[in-house]
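These are the structures in question, set out in turn.
In the two complexes that follow, subunit A is the common piece, with subunit B as its partner first and subunit C second.
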Partner chain A sequence: MTDVSLGGTRETDTIKAGYLADMRRKRMYSGILLVVFFVLLAAGFGLADSRNAGGFWDGLSRIFDFPAELIAEAIAKGAALPANLVRYVPAMIETINIAAVSTLLGAIAASVLSLLSTRGFARWPRLIGLFRRLMDVMRALPEIVIALVLIFVLGGGPVPAMISIAIHTAGALGKQFSEVNENADLKPVEGLASVGATWMQRMWLGVLPQVAPNYLSYALMRFEINVRASAILGFVGAGGIGEELRVAISWGTGRYDAAAAIFILLFLTIVAIDQLSSHFRHRLVGTH
Partner chain B sequence: MLRLVDVTRRFGKNTAVDSVAIEVPQGQMVGVIGRSGAGKSTLLRMINRLIDPSEGSIFFDGSEVSALRGAALRSWQRDCAMIFQQFNLVPRLDVVSNVLHGTLNRRSTVATMFSMFPREDIEQAIDILDRLGIADHAPKRVETLSGGQQQRVAIARALMQDPRVILADEPIASLDPMNAQVVMDTLRRIHDEDGRMIVCNLHTLDTARRYCDRVVGMRDGVVVFDGAPEDLTTAVARDIYGADESFSESSTSTSIETLEPAYSFMREAEAAI
Partner chain C sequence: MAIVSSLGDIGAIRRAAVDGFARKRRWALLVPAMILAYLVYIAFAFNVPELLQRARVDNAQILLADTVSHKVHVTRDNRSGDMTVAIEGENKGTYPGNAWPAWVSRQGDATVVDLGNGHEVRFEGDTLFYGVPNVGTVEIVRGDGGIELSVPLGLPAEWVNASNSRVSITSPAARMSVTRNRSEVFRYFGGWELFFFTLDSPFHYMSWGELASSVVSGEQIREGQTNLSAMLSDFWGNAMWRHSDVAWAIFETILMAFLGTFGAAIVALPLAFLAARNFSVSLLARFGVRRLFDFLRGLDGLIWTIILSRAFGPGPLTGSLAMLITDTGTFGKLFSEALENVDKKQIEGVRSTGANTLQQCRFGVIPQVSPVILSQMLYYLESNTRSATVIGALVGGGIGLLLTQAIQTQKDWEEVTYYVVLVLIMVSAMDMFSGWLRTQLIGNQRHGKSV
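Presenting the complex of A and B:
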């Protein structure tokens, strides 16, 4: 910071003065930032509240009315719960199937795309930008939009849901996979290149063993997200548990007991996937 | 005075430290030696209470350190500074901030979260850095410093705590011989000038001999030697390290200046046998 070279009290004073000045400047900056943050927060909230159709403060007290009604009715019809649970299992399985297939397809596409867009691993380094933008596009398109278009073209059912989720998954996982790739070691790949391996061999034998645990971990988390996504797509006619939920949860049809059963099934599924994924992740990491 | 009474630590089936009983009077510089896995680090970590003993008690000036909890425990940790092999600094913060971390226990959590350290503390931190000869690096990020400089920042953080005990866990094991000597000289100087108690894990004999008032040798969690550095003969060293006749101290020496004396010492020892 200072031009003085070696130690001594006079120099120490210069260092102190310099450091304290730095500190004051930093404090001022963070103070200004803090004020700006709170002003923006308050202003933004005011704007959002003024554009709210019903009025935020009036509605605030009624937030829990609907859940309360749902839970009250579900408890009142508690005896029907086991039957309801059994009844919706096939729809739940359909939803899980959509999620599983789309996660698998999406993850395969994501692995290839991520390797093609990581510096050091890319097959065609000049096309890194192209593959990155491709993943951006796939990530930017919401599943529900693709699904709506596909349902319009192909008709309702699980196939459009699967394709739309797979596209989004390829983009989202590709981004996470390429971050994993960034942290992978280049030396093994160089080692394999030195024995004359092809790109495919280098990736499969040199990179995948390093990144597989993290890939799996992200893919399993994506699977969890996709179960939820495929349930939502049921609302627009893609089948599965979402379709059942839409029917059950509509206000005033008196089928809240069925809705409660579906929520319980969804919750149990997510818990099961979470447990399974941590089990497999530990086993995979353990073997390395 | 630091007093360890039958301190034992188990990890699963392994006993890392086995009924260690030692007393360290105020103002002594103790070197703990032994091969890797002998339980030296575990012992130091238990004194600082980074880990808890499975059995036994640790006392300091009459109060039972091993029974402390919560705020009282953190207050003991302030009095008992720790220096690590890998420095354990925050690499992306500047040198002075890292030194100021030594005051965390005295300051309020909210104030420190916003880096609101008093001006006197900042000046004291820079004075300590000046004492250790690295004041010029005060505004730099720690990660831009060399290993030896980083270890001196860690020592400065320890001094900022104004501790009654300094524990150093292999402070020079990650350093080259030149920096190792600077760091050990610094520790010895702190001991001589401030009269603080220092317990230092070392894995080279010559360093322990050269810098410490007393040497404790550990093997498989048990104290097998406790005495003056002069009593540490080659035979005793072989016992501590579990080595055979081929063990030669000079071959493991990492110190520049002590190479020659250590070698002559060995010849003396061998002549005596």
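Presenting the complex of A and C:
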């Protein structure tokens, strides 16, 4: 009896010791990992700092110089601000249009691509892999690459930006749409197939009604992203508010009131679009 | 009575169903019609018809041809009479005068360029003769008064583009142009030129078989260096394709994404505690931090990039800080939502053992939110690699800079193609890496969800 209980205690002791050693090892590993991570981060910042034209600590004190200058000038010329705001509204609308039309075209392409690459819905099941790779490539292409190439061929303006954002959107939304498709019910499609519906009819009547709310929600989120992307592309010559911003900034000191007006317009638009889109997304898919 | 009423019900249900169908059918027509109307509006707003007329189809052809081929310039400086043969007309691709390719030869004072398929160009003094098989010889004479052109009968008119100061001919075999200062012939070849070794490297003149055998043979081509290391250093220092610079640029782009993403996460996590309803110390702090997040996100990456490059100058640090600031807003929002969804019970359990606030956070909260936070961070790492390419073009760092430079010079499309392929590989690799790391760290979440 005593022997057994003694053996039991010894066993618990070894288990306890083993557990504590395990814990120590685990903690040591995660501690080392954390230290390595922070060292990498610090070294990375040091490296980036040394490759930068201006240093971090020098720049830190000057970080508010430009905004201060901008704000001071905007206040000094406060009377001109409403006129400036109105003046850049058409460019802002162009940027929003670029984002909207590229989201629209990209979403249409993405729904077709995602249906073609989902098992159970695919028109040509053998080609599923091909369509998936196609979406991967479209998603991986940064917008600026296609935009700059198209600017060379088509000349500056909104169309190159529109096409390049649409291509990226088709890839990015295609992936999200495929995830939605995977959770869709196959039964309506089978029912439609049993009464002789074509592939188009099966997708249009059997799948799209199920997935439409999620598709719309993802497309709205992509629209927010695309407004930002089209503003950035404008900066490299693709029209819209970004191009006006580059011009306004290149005028330099004394003309920053225009740049300030564009900043305000861009900020308000982005915040408004974020709010609107999250409102509609809440209504479409409930919480999230 | 009951039958009549139920019949009435059925009638009402049927009417409702028919109305419903009709309404849905109207919508099914209305939505595509609205989309079409919007696209028509856009076509006019963006001036698409005019754009199609303006489109430079010739530019597109140059671009496509250039991505898969390269040209060699045979140039005569018309002032000094010197001849040069150079790949893409670049200094670093110039053949030494005694080692021209076989299709360019000296015949006395004249230089003869064999363009293949019977096409031949002769540079003789100030005259350029272009022999076209079955047609005759084109003569372009550069005189003091201007450039004179005599064309044989039967030469396709669309080949020639001539004015008093410049004559250019584009035939299927080659392209040539004569101006006051220089006469040039371009011959096209398939493939990317000098991708591995430039002309000054001895390895350029070897075939694949010779290269392989020189690696294993003991004879040193360059004194004091094994052949393999000489080969690698020649490849790495290739002046035409700048492999070392490109590799560095790719690294810099990934570095920007890494610093931006993880820096933002480190800044956002403590702030997210202040912004979460269940952890916030005061209502005012919560409101303030949440508006700060909105502000950081709303003031777009573009604006941050401009403001920061004013302070820090162009470079990778500016790019990473711009991403760091924008993502702090995004992460702050996402993390605080994750924190609001934590289970109180675990924290209470930790508190019951006498843990202080910091320990409660470390052992009660962090284990619950870390899967969500890690997975968000890794998603953003991948997407930020792509953003870093774009931001790099704005702030002058990384592969984005090389790409925009190559595109803006408008001649090295094979380099553009190369960079695009590298960017695709880089983004896909980061995608796979972040996916792999996510499964390693937190298991396959998607799988668990779908079950």
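Here, the second predicted complex is superposed on the first by the 213 of 288 C-alpha atoms of A that agree within 3 Å, B and C clash if a C-alpha of one lies under 4 Å from a C-alpha of the other, contacts with A are read in each partner's own complex, and residues count from 1 in each chain.
Quick note on the criterion: a residue touches a chain if its C-beta (ideal position, glycine included) is under 8 Å from a C-beta of that chain, and two chains touch if they have at least 3 such contacts.
Just so we're clear, the structure is a prediction, and the values are computed from it rather than from any experiment.
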Which superposed partner A:Glu11 touches (first subunit B, second subunit C, both, neither): first
Which of subunit B and subunit C A:Phe152 touches, first, second, both or neither: second
Subunit B versus subunit C as contact partner of A:Asp22, first or second or both or neither: first
Winner by number of subunit A residues touched, once subunit B and subunit C are compared: C
First, second, both or neither for A:Trp199, with subunit B first and subunit C second: neither
Contacts of A:Ser30 with subunit B and subunit C, given as first, second, both or neither: first
Those residues of subunit A which subunit B touches in one complex and subunit C touches in the other: none
Contact footprint of subunit B on subunit A as seen in their complex: 1, 5-7, 9, 11-12, 15-16, 18-20, 22-23, 26-27, 30
Of all residues in subunit A, those that touch subunit C in their complex: 37, 41, 44-45, 47-49, 51-56, 59-60, 62-63, 65-67, 94, 97, 100-101, 104, 136-137, 140-145, 148-149, 152-155, 157-159, 162, 179, 182-183, 228-229, 231-232, 235-236, 242, 245, 249, 263, 266-267, 270-271, 274
Complex interface listing, subunit C residues touching subunit A: 35, 38-39, 42, 45-48, 51, 54-56, 59-60, 63, 252, 255-256, 258-259, 262-263, 266, 294, 297-303, 306-308, 310-318, 320, 386-387, 389-390, 393-394, 396-397, 400, 403-404, 407-408, 410, 416, 420, 423-424, 427-428, 431, 446, 450
Subunit B residues within the subunit A interface of the complex: 96, 114-116, 119, 122-123, 126-127, 130, 133, 135-136, 138-139
